[in-house]
Structure formats: structure tokens, C-alpha cells
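What follows is a group of structures, each given as C-alpha cells.
First subunit A sits with subunit B, and in the next complex the same chain sits with subunit C.
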Partner chain A sequence: MIVQTALLIGLVLFSVLAILLRDLLKSAISLAAASLFLGIIFFRMNAPYAGVFEISVVAGLITVLFILTIALTKAGDEVRESRVVNWVFPLFFIAFIIIDALVMKGLLRKIPALASGAETGTFGDVLWKGRTFDLVGQIAVILAGVFAVLALFRKGDKHD
Partner chain B sequence: MTNTWYFTLFFAAALIFAGILGLLLRRNLIKLFIAIEVIAKGISLLLLGTGFAKDNILVAQTLVVTFIVVEVSLVATALALIINIARQTKSLDIRKLARLKG
Partner chain C sequence: MIILFVALPLVVAGILPLVGKVSRRVVPDLLANAALLFLLVYAAITGRHLIAGGPVLQQLSWFGEPVAIRLALDGFSLLMLLAIALVGLAACLFSIDYMEHYGAKANYYALFLVMIAGMNGLVLATDLFNVYLFMEVAAVASYALVAFGLGRDELEAAFKYLLLSVVATAFILISVAVIFGMTGSLDFAAVAKALQELNAGAAVGVASAFFLMGFGLKAALIPFHAWLPDAHPSAPAPISAVLSGLLIKVSGVYAMTRIFLNVFGLTPALSTVLMSLGALSMVVAAFLALGQKDMKRMLAYSSISQVGYVVLGIGIGTPLGIAGGLFHLFNHALAKGLLFLTSGSVQQATGTRDLDEMGGLAKRMPITAATNLVGALSIAGVPPLNGFWSKLIIIIALVQSGHPVFAVIAVLTSVLTLWYYLLMQRKAFFGKLNEKWAAVKEAPFWMTAATVFLALLCVGIGILFSSTVTTWIQPAADVLADGVHAVIGSWGF
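For the complex of A and B:
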């Protein structure tokens, strides 16, 4: 429980840092560290496949994409951020944490838990047999993403 | 078991709120997208935490894997859009997009 709590606090801390830090590169690396914490949490929740996906895809691929974008848009990164962010963000966040803790402690304990049942089979059974339609959706989403990126990086015509 | 569920819900809500605050307060397009990523992390944690508490970890895992695939596709498309916007407006400021005409 202590390790789990430390991991969850690390996840929230690095996520907040990713939003608060001024330097974009440091933000992207903080986001990768948060993903790493989330992946370890997934492993500890007996979800190794989700953990592997989180660490390899989110902490790896998405971080690379972010760093690539930061490198490609280096010329236009002088954005004047609002000065109130530095004190408004921590203020509202701490206020929300207090409200969140009170709600979770008081209100949610009164809500009856949903019915749960142990499941059988393996991850492969559930993914390939139980959620087959999700796989079709995933293929469609990947194809849509590929075509969108191809369309966005298309060489300009003579008319443009 | 329910204690750990509420504990996970607490942290997931904190992540989602941090992401929403980032979306409201930041002006840099990449920063806004990082805030969306933080919200996505909160939702992943929520899905898997609930699955873990309800002994339905396999379904939760498949949903998280599906969510991650959709997230990657979204990131690739959105970052391509951001690069194009940066080339067009020579800036990453979200306020300059509001001034576009025609």
C-alpha cells in the first residue's frame, strides 16, 4: 500500500510538473516519467499487458513524437504565458485536492459498490473473443490517423 | 478492496482536474496537448483501478490497450496539425488562431 501510494503521488507530481514547467522539453520528459510511474502501477495491479503498452507506447513513442514536434517548431516557441498561472494553478489544485479528499472520504463511501464477478480465461481470450469489435475499431482509428498525417504533410499543389 | 478503489479514484480525479486546469490556463499549443495527455492518464488509471477493484482486470486491460491505441493515433494527428499551424502562423500561441480570417 505504501509503495502504491508513493507511485500514485509520483504520477500526480510528474503530471503537474509537465503542465507547470516553462521549458517544453522538460515538460515532455516529465510526462514520460509520469507514464513510467503509471506503467509500474499497472504492473502492480496485475495488468502486465496494459503496463507494457503504457511504458513502450506512451512513455516511448508519444515522448519521441512530442520531442520531434518541439524540435520542428523551435522557431515559434516564444509564447507569452499568463503570469497568473504560477499562483492560480497551485491554489486551485490544492483546493481541489482538499475537496476531492472530503468527497472520497464522505460521499462515495455511502454509494453501494457495483456488483462484481470474477472472470475466467486469459487476456488473449478476452481481447480476441470478447472485444473483437474493439479491434475493428482500433484498425479503423489507426488507418484514420495514418491518412490524416499523410494529408497534413502532403506536398503543396501548384494551385496553393 | 473498496478502499483501494476510492484511493485510485482520488488520484485519477486529481490528474483529470490538473489536466483541465492546464487546458484553461496555458496558451502554448504543445502545453495544451500535454494537458490533454495528463487527462488521458487519469482516465487510464480510472479504467484499470475500477477493473482491479471489481475483479474484472482482463476487460479493463483490453479497454486500456484500446484507449492507448486511440490515444497514439490522436497524438500523431494533433501534433501534425500543430506543426502545420506553427508553419502557417510562425507561432504556437493559441490566441493567434482566433485572429485568423478567410
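For the complex of A and C:
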């Protein structure tokens, strides 16, 4: 229970930091840390596939992409952190923890125990046999993303 | 083969950018419009025969092996598919001329079709997570489409829309997780059955609250509406038409109604919440619309107000109320689609959206002025147009179910709606022609054709309202009025 709580607090802490920090590099690293915590939580909750993906893709791959992009574009100036971070962050964090604890305390006894067990079947089974329609949706999301990049970063070919 | 509603637009979207390398205009125009025309014909002609014997359930197979793609088509989803195809086709026809000066037309059509595929997928989904996923498909495509003009306003509006939309989907996802945790399933039928057996009022209450916030944001109900008046006016006109006419209804109203009525079952408390939210949106947004000078912004506020009518009607929970709500949803999709298209014609001709700068445009753009008038009067609820009948049904249902106060509010809001629409019509089209617009010409052929198509539908449905209600609206309302039994009995795979 204590480990779980610590992990959850770490997750929220780094997530909020990722939003509030102005230095993009620090922000990206905070996001990676948050994702690492989430990955560990997934492992502890018997969802190893989700954990592996979270840590390898979100904490690993995407962070590398972020840092590469920042390295390529950064002007090299020192970024001054906003003062807001100093007082809003602790305030927000405490308020969140209190509200979260109250809601969860109220809910915990009322939600019946988890009806489903841990992930059943292998990853391939779940993905290919259980959730095939989601794959169609995922393909569509990827298509939308690619077309969005093509459209939004198009050359100024207006009036061509 | 109801999977075609999802697969066809996706496949055409996939090849469009490649085709765009060869032909920049004609072939993409042709392909996109042909795909939507096919979907319209398929929904309008084949759809009704398909569901004649009850809902159609399709389990796809791949080389004889069943795969986990399960779709369901019933009266409610068919009505939505028809609305999507109609407004989608009109917006796509309009784009032929309108999107000419934006460039990258093939990419535009590709995004447009992905958005249509997302909406169709959501409507056919039989599972909570599929609903979430296809909502995201349509949403991701729509962010890019809102920003398509690449101007500062467009980018800012798209970003704001993206952020609030992400909050909405986060709420929806939390709720899906709560439901999955309780029932161990995501399938509509299984969840509905499990919830009947479980005695978990509090947890269902929490899930409903999260869904309400998520879908409320998507449907832009007040107080969750802040993003819509920025996002919808900034988008290119055909996209505004699809966003306001379809997307808020499919990813907001449809998803919310399907889950609340067919999966959770409408409780008296939920009914009161829905009706109150609906009435609040209806009134507040109508007042906000009255104060607008930007033509498209006024239309955007009007959308929030009219979605309020839809939610109010469905929230009553009686068969007549649901039928009225759904009929208004359909009518508003057509009329608001039409109005955003005409506003696009005006904006392209004059370069402005400011109503105070316009004036007398009816002399220069008679067809646009006439079609705009049809759309405006339809939404305001003037007989014999389609909007009149749907509002009338909602008001009768309110009185019948013992909610006379809501009925009076609905009537008064309708007067307010007529007021701001007449104000718009007078400022933009009537009166003396502003000299600045002496050289303005009627919109190009396809733009005019698209608006005439929708205007004729508004008039035609108004005249033939009783057959429209019996063929399209009643089957949809029956599904919702059946409550959880509509899903538990006949949706099991």
C-alpha cells in the first residue's frame, strides 16, 4: 500500500511538473519520469504488456524524440522558471491529493471488486482476437495524424 | 456489409494523397464526393431494408476465421449514418469550389474522410472502448481541419479545441475504466446486463457524472461550451458545417444517449439532470447568440442552444420526447450545415464575417440569401419548415409529461432564436446594398448547389414530416425508448 501510494504521488508530481516547468528539456524529462512511474504501476497491477509499452515507448522512445527536437531547435538561452511554479505547484498538488483521497475513500467500498482477472491470454491473443476493431481505429488515428502533419506543415502553395 | 461505412472512407482517404500527386483537383474532388454519395445511397436505400427485421449485427470474418470486429446497426445508428452522409456530402460538394484557394486539396479530403469514418465507426460501435477510440479518430482529424487555414486564429482555435477535447476524452476514459472494473466487460450488451444484476448505484453515479462531463464537453452543453464558439467559426466553412451539424451530435449527443439510455438505463435523476442541462444551454446560448456581430460565431452559439433542445427532448425519456429530440437533431444537422455553408459563401464573396459590415447582399447573392433564410427559419421553428415540427413535438412531449415550465422556456427560447436569426438575415442580406459589395457575385456553382440541396431537404422534410418521422425517426426513437432491453435482448454476439 505504501509503495503504491508513493508511486501514485510520484506519478502526479512529475505529471504536474511536466506541465508547469517552462524549460522544455526539464519538462520532457519530468514527463518521462511520470511515465516511468506509470509503467511500474502497470507492472504491479498485473498488466505487464501495458507496462512494457509505457516504459519503452512513452518513457523511452518519445522522450528521445522530444529531446532530439529540443536539441535541434533550442537557442541555448537560460530559461527562467515562472514564479507561479513556486506557489501554484505545491498548492495544486496538496489540493489534488486531498480531493483524490476523499473521492477514492468514498468510492472504494462502493465499487464491487474487479470482475475481470489479470490480462487473459497472450498479448497477441488480446490484440488480434479480442480487440480487432480497435486496430481499425488505431490505423485511422495514425492516418489522421499523418494527414494532419502533411496538411499543417504544407508549403505555402496557396493559389497554386 | 455495414463495415463499408468505416472501411470505404478510410480506404479512399488512404489513396487520396497519392492520387493528389497526379491530379491536384479533379480526381480528389471526384473520389471524395463519390465515396460520400455511395455512403448516402447505401444508408438511404439499403439501410432500411437491412434493419426491417430488427437490428443487424455483423461479426466479420477473415478467410473463414471470425475476427473481433463486431458492428451493430439499428434504427438509431441508421438515422445518424443518414445524417452524416447527407451533411457530409453537402459539405464535400461545397468544398469543390470553396477549398480551391487553400491548396493541398487531396490532403483536405483525406482528413475529411477520416473524420467521416471516425463518426461512422462510433455510430456502429458495440463496445465502450470502440466508442472512445472512434471519437478520437474523428477528433484528431477535426483538429487538423480546424487549423487547415494555418492562420493565427485557426491555430489558436484548434489548440483550444484540442485541449478541451482531451479533457473530455480523459473523463470518458475514466468512466470507461470504472465500468470495466465493475463489470469486467466493455461490450454494451454485457455491461447493460451486468449493471442490472450488480447493485452499484454509487459507482454508476460516478461513471455517469464523468460521462456527462466528457460528452457534455463534446456536445458543448453549457457550462462545458467554451471551446465551440472559437473552434467552429475559425474552421473553413464546410468543416464548420460538419463540426456543428454532425460532430457535436455524434460524439456528444449520440454517444451520451446510447450509453445513458441503452446501457445504463435512464433513471429519474439522470433525466432531470439532462433536462436541466438542456434547458440551461438552450436559454443561455440563445442570449449569447443575440449579442454576436460575427456571423459564424452567432451560428456557433445557436448550435449550443439547439443541442440544448435535443438534450431536453431526449432527457424527457418518453417515446414522444425522444422522437422529438432525435427529429430536432436531424433537422438541426441539415439546417445548421446549410447556414454554415451560406456563411462560407458570404465570407468568400466579401472577405468578412462581421454582420455590421454587410448589408443588402440579397441583391448580389439571391440564391445564398434565399437558402440562408430557409435555414434560419427552419432552426427558429417557423412552419412549415422541418424545425417547426421537431420543436412542436418536443413541446407537446414536455406538456404531456408534466413539465409545463420547460415547455414555456422552450417556446420563449424559440422566439429568441427567431429574433437573432432575423437580425442576421436583415443585417447581412436585406436593406440597402453596402457600396463596398457592388462587385460581389453569387457563389460558384458547387457552393450554391450544396446549399440548395440542403435547403430543399429542409423544405421537403417540413412538408413530408409525417412520413419522415415514421420511416426514419420512429425506428430510432423506439430503440432508445426500449432502454436497456434494446441492447440486452438483441445485441448479444
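Convention: the second predicted complex is superposed on the first by the 106 of 160 C-alpha atoms of A that agree within 3 Å, B and C clash if a C-alpha of one lies under 4 Å from a C-alpha of the other, contacts with A are read in each partner's own complex, and residues count from 1 in each chain.
Just so it is clear, a contact is a pair of C-beta atoms (placed from the backbone, for glycine too) under 8 Å apart; a residue touches a chain by one contact, two chains touch by 3 or more.
Computed from a prediction, not measured in an experiment: that's the story for all the values here.
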Partner chain(s) touched by A:Ala148 [first = subunit B, second = subunit C, both, neither]: both
Which superposed partner A:Ala28 touches (first subunit B, second subunit C, both, neither): first
Contacts of A:Lys129 with subunit B and subunit C, given as first, second, both or neither: second
Subunit B versus subunit C as contact partner of A:Gln138, first or second or both or neither: both
Partner touching more residues of subunit A, whether subunit B or subunit C: B
Which of subunit B and subunit C A:Ile2 touches, first, second, both or neither: neither
Touching both subunit C and subunit B, counted on subunit A across the two superposed complexes: 114, 116, 130-131, 134, 137-138, 141, 144-145, 148, 152
Touching residues on subunit A, where the partner in the complex is subunit C: 106-107, 110-112, 114-116, 128-134, 136-141, 143-145, 147-148, 150-152, 154, 156-160
Subunit A - residues contacting subunit B, complex: 1, 4-5, 8-9, 11-12, 15-16, 18-19, 24, 27-28, 31, 34-35, 38, 41-42, 45-47, 49-50, 53-54, 57-58, 61-62, 65-66, 68-70, 72-73, 75-82, 84-85, 88-89, 92-93, 96-97, 100-101, 104, 108-109, 113-114, 116-119, 121-123, 125-127, 130-131, 134, 137-138, 141-142, 144-145, 148-149, 152-153
Subunit C residues touching subunit A - in the complex, by the definition given at the top: 6-7, 10, 13-14, 17, 24, 60, 67-71, 101-104, 107-108, 110-111, 114-115, 117-118, 121, 125, 127, 129-130, 133-134, 136-137, 140-141, 143-144, 147-148, 150, 178, 180-185, 194, 198, 200, 202-203, 206
For the subunit B and subunit A complex, residues of the former touching the latter: 2, 4-11, 13-15, 17-19, 21-22, 25-28, 30-31, 33-35, 37-38, 41, 44-45, 48-49, 51-66, 68-77, 79-84, 86, 89-93
